[in-house]
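Input: structures, listed below.
Here chain A shows up in two complexes: once beside chain B, once beside chain C.
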Partner chain A sequence: MDLDTDVLVIGGGMAGLAAGIRSQERGANTTLIRKGQSATSYSSGAIDVSGYLPGGSQQLLSAREGIEAITSLYPLHPYSILGFGSADNDDVPGLAIERVGQAVEWLTKHLKSTPAQLYGGIDSNLEGITLVGTKKPTALLQQTIWPGEFAVDDEGVMLFLGIKGVSDLNPKIASKTFLDNQARTGEPPHKVGNASLDIAPFGHGYNLSTTNIARWLDREENLVTFIEQVKKKAEQFGATYVALPPILGLEENLKNQKALQEATGASVFELLAFPPSVPSFRLQRGLERVFIEKGGHLLIGHEAEPCGIESSKITEVLARSPRRKVEITTRSVVLASGKYIGGGLAATVEGLRETVFGLMTVTDEFRESGKTRPQRLTNVVSLSPESHSLFGCGLSVDQFLRPVNPDGDATAENLFAAGSILAGYSYAMEKCGLGVALATGHYAGETAAANATGGGV
Partner chain B sequence: MTEEEDYDHIMGVLREERITPYNEDELETVLSIGHCINCGLCLQHCPVVAGVGVERFSGPRSIAVELSRSPPEFWATGDKVFLCTGCGTCREVCPKNVEVPEIVNMIRARIFEHRPDLVPQELHSVDKTLLEHGLAFAPWEDLEDKAESRDMRLERLNLPFYPNRVKERAEVLFYPGCQAEERAQEVREAGKVVLEAFDVDYTLLGDFNCCGLPAILLGDDKTARELAKHLKEKVGALGTKKIVTTCAGCTSNLSYLSERDGWDIPVYHTLEYLIEEIGIESLTEKLTQSEDTQSVTVHSPCHLIRHMSRQLAEYAAQIIEAMPNAEYTESNLHDSCCGGGGMVGYHSPDVAQGVVEENLRAIERTGVSRVVAPCPLCTAHIEEMLFRTGSSVEVDDLTVFIAQRLPKKE
Partner chain C sequence: MSKTDYDVIVIGGGSTGTAVVRDSAMRGLKTLLLERDDIASATVGTCAGMISSGFKYYNEPEFMDMCTDEVMHLRKIARHIVMKLPILFPVLDFSEISSGGVSKGMEEYAKRVERRGVPPFLILAPEVALELEPMLHPDVVASGYIEEFFIDPFRLSVLQAMDAKKHGADVYTYSEVTDLTVVEKEGIGVSYHNRLTGQIETVKGKVVINAAGPWAHKIAKLAGANLDLRLTKGSHIILDRRIVNVGITTRAVDRRWVYMYPHENTTLIGTTDLPTWENPDELVASHDEIEYLFKSFEWIVPSVREARIIRTMVGVRPMIPTWKVPEDEVSRSFEVVDHEPQGVSGLISFTGGKLVVCRRMAQDAVDLACEKLGKGLDCRTHIEPLPGMEGDVDILGLSEEHSISQHALERMRIRRGTEVQEILNLVREYPEWRSSMCTCEPVIEAEIRYAIRNEFPHTLNDLRRRLRLGTGPCQGTFCTFKAAAILAEELELNGEDYQLEIMDFLSERWKGKRPPMRGEQLAQEELVQGVYACVANLDQTMNELDYDLKPWEEVS
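For the complex of A and B:
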């Protein structure tokens, strides 16, 4: 089995798919291989671009504000690298904001026709409400997760509506946490209720998952019964907001939300979810569909075989599926293989290793980490605002996102890296994981395509 | 005690405790299970869980983190592990490469060995047939009846009959698989038509036997290994250089056996052989006009796309697109299990039905008049399920569909 492609993308999460879609749009034939889903499929339904400053102390009002601060303070943060541009660029924050902003708008446009349709942007961070009743700052929410603006004098009632047998949402606890928070901040709504529905899709009201219910609601005949039940509860509580676990559908969530809002007169929305979730399923699938619609070649279930880089160019990659091998010849490669869960980085007692090409890895302080024991990069406190250095490890790259060797030169002239495999930021602390993946993927796709079709970056 | 006596003693204790040590070739699978991070991504994608819920089938995660962990208690899991269709979707989405489909077979093998009473009764009858005849289905009693059934099928499908060839040192061994050998005989003949059309130097097995996949799936590891051994001997004696088969399950299992047991022969599905060895250009040249335009969608067998490579789904699409007056429409669930896998249909038809329901709806949504599958087992299963729903969509094996469009030899 042989394949020839202009751009080969290794990895199929947010970074890989953004790179693939962009590269395909820029006229390069693009093949994307992935083995397994990972971080993007574990996301909550929010796309964070910049939620907190490194250190985790300062909550940011907008992603724009965050990128501006980060690029001024941390010159090797991936956002700063996006801001480097050419040698005569003296406005790193400006270029970084421009590039991230473009990527965000671009994604919003592409996902509009998918169930993962987005709301928001980089000019103002939204507050998504989670399954446990807390709030988190984020740049974009899936449309069906956006509760709407709360007016200052909002007299409305927020109803947390659980589903019997779906353990993700305990409406009682969530409503209590939410109410406590509202009382503390003085923000509306101040009235909160909780209730549960009994819908039993397999004939029983126990041991059900959000995915089960979402699939069930994708079938039109089930929606009618569901609307009736939600309406009854909403009326009983006089609810103006109805918070559901993320169950509105894998495909039909937008339509279902609309039907529910029309029937109840309330804002009906989904809560941000635990991984893996229905919203992340919609996001992953939405991105894949866009890639395929653009003419991209998606090869699921194939893993890049580890290989060394012998010359300054990568021309061939071997992809392995369970019982077959595909030889792929290519002109550019985008490495978006993820971090520890995605498998792009392996942390063992011997040190940190990049798994496909054996590229140099660095710590969050940009020291070579090939022989650093990962234990030394963890904090004694598991949950602390400082997070763990381990999260900041990865590849060091040049201004074109090409991984560099110990001398600081590009390891291969046609190899670009994007997403969580990059060093220099902590997604857990900064709340910027999907944002970095999107913006670097978008840019890597552009450069890889230009390199493949025009020759050179 | 001598070393040998020690060994026998330990084996005796293990037997008493109903523990079967892992085979060398199973170790990789066993170790992969330890990598499960309990994330539950597989549960979102498992078509059995989607079809019947996690209460009935606890799903791949439960198999990885619970049901496969304690060798003496494997048999307490029988009501769950026999419901896995082995489609491989979980392995495909797993970020940690956990080999759930393989571990299912290993647990089944241990249940079969130590607690055969917990193996669904229907599977014991299949096993009996395998033991008696070396085939997944009881052979025809009267060979004339068999030939008559074959001729009727060929006439209905307008396919020619070419005499069977058995010879040594042919380039290709054509291995139809049990379903095509005994039941869907038109698929066996269609495979021959394809090879004849391109003047391939091929042979059949003089004495056909099953590749052993059904034995693996029902847990009879001993019979599976026995069948594989016989087949290896027969293939070795014929001295062919390649194996071509029309069955998805056979392709994947023979590819596995060829590597595990050192057959040293590449195995191709008809689709792969056509694209990789014959070439799409030569195929396109030969493809003839059919009488009327057909709108077609493809069902992609799990054993081809997930146990081998997704490239094969593209091969199928390429071939259909090369056909004059065949219009190809992709179903958005073309890659979802037909429900017929893992021998589930034999003992729990309600589960098989639950699994395939969404696929059938997706096929109907495409609005095509025909669905084709490059596997006689998927074909039979989808045909039966569509028939039950009263659908007018027709079903064909893809090899048959191709053979119908190839010139007949004089």
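For the complex of A and C:
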């Protein structure tokens, strides 16, 4: 089969979908191919933009503050690159903040009234509470994950409410951890409780997954008894906040949350979770729906075949699925194939490589990493506050997000890269994963569309 | 006799020390075991678990006899944790079978097959070998075939310790011996650092048995005695799946023997043998060791590099001090050392030895202790079964009765034998404890609770040794936070200790994962960082809590 498109996006995580939607909006006929798993569908329901500076231990008050500092301290960080603009731009922080801010607003608008509806922005970081009772700074939370504001003199009670048979949340320990951390930082609320619901939705109360319960709660008839049970526990503890595992629904979570809040008078919300997580499913599906509504062409289960770059332009990419081959003719390409989970980067013991075009890869310090043994890019401590170079490796790009060769020139004039395949930041440490993917994807989509429809960047 | 006076104090809770404490307690001696860390936390936990026929030790027929006896004893006293595995010795050239002592090995092996209840040594035609193991190189011209037995080294050690307690022994883990004072005629005063309370405590033993494995020379020195050991580092690679269905043994690049065993849901490849003087706690596998093992196997299993390496595992062998001979010419037997001629009459140490002969090592040492104590007590460790041997376990019936998958129950039975029943009693009371906590190994919550309540673990790493938790392909990515929460609940840990428990466990896993980092493993590691740093934000907590660097993290 053959296919002709203006813009081809390789990768269907946050970066690829943001690029695809944006490109389609800009009037370019866009095709997106996605091979398989994405880090996006492993994420927790928070859109991190900037939580800490690289290697830093001070929680940033806002993403704006983070981007401002990053652009002046780390000139090759993806946020700095977004701030470059044209040669006469002398306000890198300003442009970076503008571009990231626009992308955030744009995403918020697109996800409004969908199950992945967002709350927050770049002007003030929120604190998401996790399944283990810890907190992390983030720019946006899915609406049903946002606990609400805590007043300085908050006298409220935070109830961690588990469900028997859902092993992801141990409410007793999560509440203890939460309380210990609150005591250390002096932040409210200072009162916690814990309890478990015995709902046995499928006739048994063990080996229950959050996804299955969420699906169960999508059906209205199941909600009534659930609300009653939550209400009973909330009253028993005098809870002002009720923290649940992410189970409020794959589709009906907004409505369900509202019903629960009305019944209990408390803020009922979901905790940030680990994969496989319901919120990341809502996000992934939400983005895909927008892309399709905009008229984008989505090819799931198609893998871009490795190919070399022979001239200054990429005109053809071969995509393969288990049953067919598709020859795609294109005018621009956005490479948003992710890091190691996504599969954009791979490593043998010899070194790191980019998997589709064989592009040059660099370390977090922008040294070529094609011949560096991966183990040498790691620290001796696993959860190191400095992270590991390995997770800052990726592609080095120019101001239009075009991957560069060892001479610093664009490898191909119509190839743009976005998301976690980019070098120069550690999303796990900085808490900026989906934010970088969104902002670079959004910008790459615009540039690729402009390049395909108007010729040149 | 006061509460702190013992007939026998055993130092070290590996396979040897736990065998000694069991034997001593069973003979009715008042016995204490002091272990610095957890049961089976050192060498024994890094071994392959083969209770060998001694095939490679054909020059030591008496040792082969001893191995044979011990295998038969272990099969009798611990049937539930013993399994049998066919092992191929494939060759690309006939001379490999006819030379290098292999025929002598075959001969000695053949003499003992009847006693061991296995078929005779066979030489297989290539098509037969390939049918047994399709992953072999197609150019294999023939293959030797033997059968060997394996035992779960963690469970064996834990069961020996549990059984010793049942016979009245005291077993203290997290108790590091810091000083030995010889008291004329009375025995030896033993000081230890209780790592749980931070206190230094003192006890007295008429006899002290030093079973500290590769640290035994240091223990001897505390008493002013001398013990010479030949220490060698041995590393293994563990692959994320069973790439072979049978064991394979072959000659390495330097003609040593190396092996590959399917082990539970993984594959174990080992081992190296390098003289070492490092602190065993700091050792990690080197790049050269990993490549040595791959290179050695590539000839015979060409696809060996295709699977994902999930970790490496390093141990130090405390061998008999024979010097200036190649490693494979050092006797694999053991010696019981009486330090009396050095003027330390109550101290007994070991050199050499293996997992397979741990019971026998204990018997000889306790015999000597009895002699010193003037008591003629008989050893019964080869007759009386270890816990979990009280009959058969009806997996099918229990699976139906308790709505737990047969697979999960079968895995539980392999660890616990008839103890399965006690875990199922918990399930009856708490139906939700049927939930599986680990995606790689179907460990259910009830077994975790049972182990915490009955097998004295203090950390998540201790639980791992008892349950195989976190040892599969994902190396704890998905079970660590869940299991740590159960531990925290049962041991009433506070929130900070809960977080530290997670970090300690991840760092122990990282120790083995980091050296071979490559390929698909990077995606797995990104996931770990995603879960525990990106979402749980524990990399920041690390800054705030009192995380102690581990020995291997202090050296870089």
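Basically, the second predicted complex is superposed on the first by the 456 of 457 C-alpha atoms of A that agree within 3 Å, B and C clash if a C-alpha of one lies under 4 Å from a C-alpha of the other, contacts with A are read in each partner's own complex, and residues count from 1 in each chain.
Please note the rule applied: a contact is a pair of C-beta atoms (placed from the backbone, for glycine too) under 8 Å apart; a residue touches a chain by one contact, two chains touch by 3 or more.
Computed from a prediction, not measured in an experiment: that's the story for all the values here.
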item: Partner chain in contact with A:Thr264 - chain B first, chain C second, else both or neither; value: neither
item: Touching partner for A:Asn207 - first (chain B), second (chain C), both, neither; value: both
item: Touching partner for A:Gly36 - first (chain B), second (chain C), both, neither; value: first
item: Partner chain(s) touched by A:Ile341 [first = chain B, second = chain C, both, neither]; value: both
item: Touched partner set for A:Ser332, first chain B, second chain C, both or neither; value: neither
item: Touched partner set for A:Arg184, first chain B, second chain C, both or neither; value: second
item: Chain A residues touched by each partner, larger count belonging to chain B or chain C; value: C
item: Contacts of A:Met1 with chain B and chain C, given as first, second, both or neither; value: first
item: Touched partner set for A:Pro322, first chain B, second chain C, both or neither; value: first
item: Touching partner for A:Leu299 - first (chain B), second (chain C), both, neither; value: first
item: Common ground on chain A, meaning residues reached by chain C in one complex and by chain B in the other; value: 42, 204, 206-208, 275, 341, 343
item: List of chain A residues in touch with chain C within their complex; value: 39, 42-44, 46, 48, 52, 57, 59, 130-136, 164-165, 167-168, 170, 172-174, 176-181, 184, 204-208, 272-275, 339-341, 343, 345-349, 373-375, 378, 380-385, 387-388, 390-391, 427-429, 431, 433
item: Chain A-facing residues of chain B, complex; value: 37, 39-41, 43-44, 49-50, 52-56, 88, 91-97, 252, 255-256, 259, 272, 276, 305-311
item: Chain B contact footprint on chain A (complex, rising order); value: 1, 3, 35-38, 41-42, 201-202, 204, 206-209, 211-212, 215, 275-276, 278, 281, 299-303, 321-324, 326, 341-343
item: Footprint of chain A on chain C - complex, ascending; value: 287, 403, 431-437, 445, 478, 481-482, 484-486, 488-489, 494-496, 498-499, 502-503, 506-507, 509-510, 514-519, 522-523, 525-544, 549, 552-553, 555-556
